[in-house]
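Quick heads-up: structures coming right below.
In the two assemblies presented below, subunit A is common to both, partnered first by subunit B and then by subunit C.
Our next item is the complex of A and B:
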């Protein structure tokens, strides 16, 4: 498992480096001391750019479109954090499994009611990221806390068994590769990240905003799986829930 | 607008409260509260995206991860037999000489101190079962046991034999067992009694009228000790160093005089 992760992270880092080179070349790299001939963009221009994407949430429109490059590096930062937790805690060896302490019936009943609700809110925040506040990052974490709740009630072992440990560990990296490829392909085609892989749609509907929905979905899945990986490692190595 | 400024002004106070908590769990809850307030500030500053993320990560996920991280490692569990002056409950608080020493040791180890009061004979069992890290409450050194470590003596004590009214005098009486409050009840009723007590327990009992009983003091030189589970050599080392430091600096004398005037 460990060498698989190493090769995956190498691939990811390589792809990111390639992505950086392509994007920097595409935008025309301007180092320090070289005069910037283009004037800085005004706020009104940014709003115009954002509205051009068809997304109602201007913040999403900027960080998943014209500033997609920054966002992808941010996703990489999160992946490296997950990888760090995974490596250092795996290196400590698997401790004796600790039986989870059964929670009181209050917690169990409340979890039954709250779990579907939390997952639904996480999905909503992710999918509607381009229309209302939210997006993949927050939606993924919200859904991740839902899994944490499930783990408190059922124990991490049961939750991991139901979801599949290997699938989760791999999904974390597969989604990262997905995000990199989806971001890289348009850039490699010598088009700016403003390219939309999905049709623009009519503003205000779920199927609008072009690629933003796709990126939000991928980031949401990635953050959801990543936060669960962190939680599982902490629980496995630090004691029962 | 006003609400935003009020919340902003609250932030440093909540942060300060979180920092000043002695127990880690309370500090973590304080940090969660800080995140929640910060999320409200973001929301009132027309940054709902940031507010959602702050609430989900700062208030929910990070708080839970901290709780998990401290859940098992952050505790120093003490199994103690309640003895006035050494370790006793006073209302909601715990006080006493041994409590004060353990409190300092826990603080220097960065652990939360949790005391479980038990009958004297259960203290050792708890340690051997791994349910507690340190045993306290008027413990007298025991025979060598490789699963239990002893700390240097912190307070001289003696054996007192208390018997009467109808009980036979004997050179060996059964050592004290159970809860001290039961013994005090027996002594106040003047019921038959034949027990061997250590100094702190004898002092606690002698606050009541012992005229009905006969008392004899053994001349053996004895001292109280803490028992530490052998699986916790770090705690044993820290406690030993702390006791040595307290003795050499004279603080131990001051503490003893405060609890046993």
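Our next item is the complex of A and C:
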């Protein structure tokens, strides 16, 4: 037992040291602006890509256009994690229900005021993902966190009853199916470019960016529902928040 | 202080996280250390495109010469989502282990599984 952990520590220290040497030699001694002296070759390429898609946010133009299939598989990984949490915690069975602790009136009033705003910000970040910083992943997490706030104040049972448990479980798989279908339709129709179904539109408008808006909306819905499913399962099996 | 940049800070964080992952016995703290390793990787990748006069990679808003490299940011998005997925799933497994062995200490869990195996061999 003892010698195993010692050798593990040695391996860890060795790996870290090797990593440090490689990275320090490559990038380490350059000051805070590491890419200051770099030629902007890569950036110019990505600007061309973004102009081709009609999106203003170059990052979403990369991960929802040229790296689209990678992102779809990433959504698949997220879905598998949600399915894993769902499966293992449902198989564990229901523990004794715990009485929820009533929150103070300050939290209740603040949650009432903030919940619509948080959901609205989540929607805004999702819909404007191709024009400004944001996108489906961050917008979905913002809206899911808003539901967590509601769950703290009202209790998960009330929130689940209001949203409809069955609807949420179905919505999760329907959105995943939607993302896969929308992603694979151009390939099925033999249309090029393979990742873009809609016209680019004029840059700066909400309707621009080709399919990026569609993917952002679907991914936002997926992450919103998925994070809520994870939160609900964790809370259900630890009593109330 | 020319050596103080995102990469060097991320190396320190990576080392702390890796040592915590190996040395600490508490499973929850191991998971926190894993999160620290992940955060250090994200910091390293994003700071590779950093410029001291950097502007966000938005066309039509930032001037083109100052735009930071958008590729690491797009790649880091996968790392963030997958870290979230791993953390949620690993926490479920920790919950199952705690329910069975009533401890988060990895050494005690290993000892008890070894004892269980010995008893199974005795019975068979």
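Going forward, the second predicted complex is superposed on the first by the 191 of 241 C-alpha atoms of A that agree within 3 Å, B and C clash if a C-alpha of one lies under 4 Å from a C-alpha of the other, contacts with A are read in each partner's own complex, and residues count from 1 in each chain.
Here is the rule we use: contacts are C-beta pairs under 8 Å (C-beta built on N, C-alpha and C of every residue); 3 or more make two chains touch, one makes a residue touch a chain.
Worth saying up front: this structure is predicted, and the values here are computed from it rather than measured.
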>> In the overlaid three-chain picture, which partner chain does A:134 touch, first (subunit B) or second (subunit C), both, or neither?
In response: first
> Of the partners subunit B and subunit C, which touch A:74 in the superposed model: first, second, both, neither?
Replying inline: second
> Which partner, once the models are overlaid, touches more of subunit A's residues, subunit C or subunit B?
Replying inline: C
>> Applying the document's definition of touch, where does A:148 land relative to subunit B and subunit C: first, second, both, or neither?
In response: first
> Looking at the overlay, what does A:53 touch: subunit B (first), subunit C (second), both, or neither?
Replying inline: neither
> Of the two partner chains, subunit B (first) and subunit C (second), which one does A:19 touch, if any: first, second, both, or neither?
Replying inline: second
>> With both complexes overlaid on chain A, does A:204 touch subunit B (first), subunit C (second), both or neither?
In response: second
>> Just checking: does A:234 make contact with subunit B only, subunit C only, both, or neither of them? Give me first, second, both or neither.
In response: both
>> Touch test for A:62: subunit B only (first), subunit C only (second), both, or neither?
In response: second
> What residues on subunit A does subunit C touch that subunit B touches too?
Replying inline: 57, 59, 133, 135, 137, 230, 234
> Which residues, counting only subunit B, touch subunit A once they are in their complex?
Replying inline: 48-49, 51-53, 56-57, 60-61, 64-65, 68-69, 71-73
> In the complex of these two chains, what residues of subunit A are touching subunit C?
Replying inline: 1, 5, 8-9, 12-13, 15-16, 19-20, 23-24, 27-36, 38, 40, 42-43, 46-47, 50-51, 55-59, 62-63, 67, 70-71, 74-75, 77-78, 80-82, 84-85, 88-89, 92, 131-133, 135, 137, 203-204, 230, 234, 237
> Once bound in the complex, which stretches of subunit C touch subunit A?
Replying inline: 1-8, 11, 14-15, 18-19, 21-23, 44, 47-54, 56-61, 64-65, 67-71, 73-74, 77-78, 80-82, 84-86, 88-89, 91-93, 95-96, 99, 107
>> Please output the residues of subunit A touching subunit B within their complex, sorted ascending.
In response: 57, 59-60, 125, 133-135, 137-138, 141-142, 144-145, 148, 227, 230-231, 234-235, 238-241
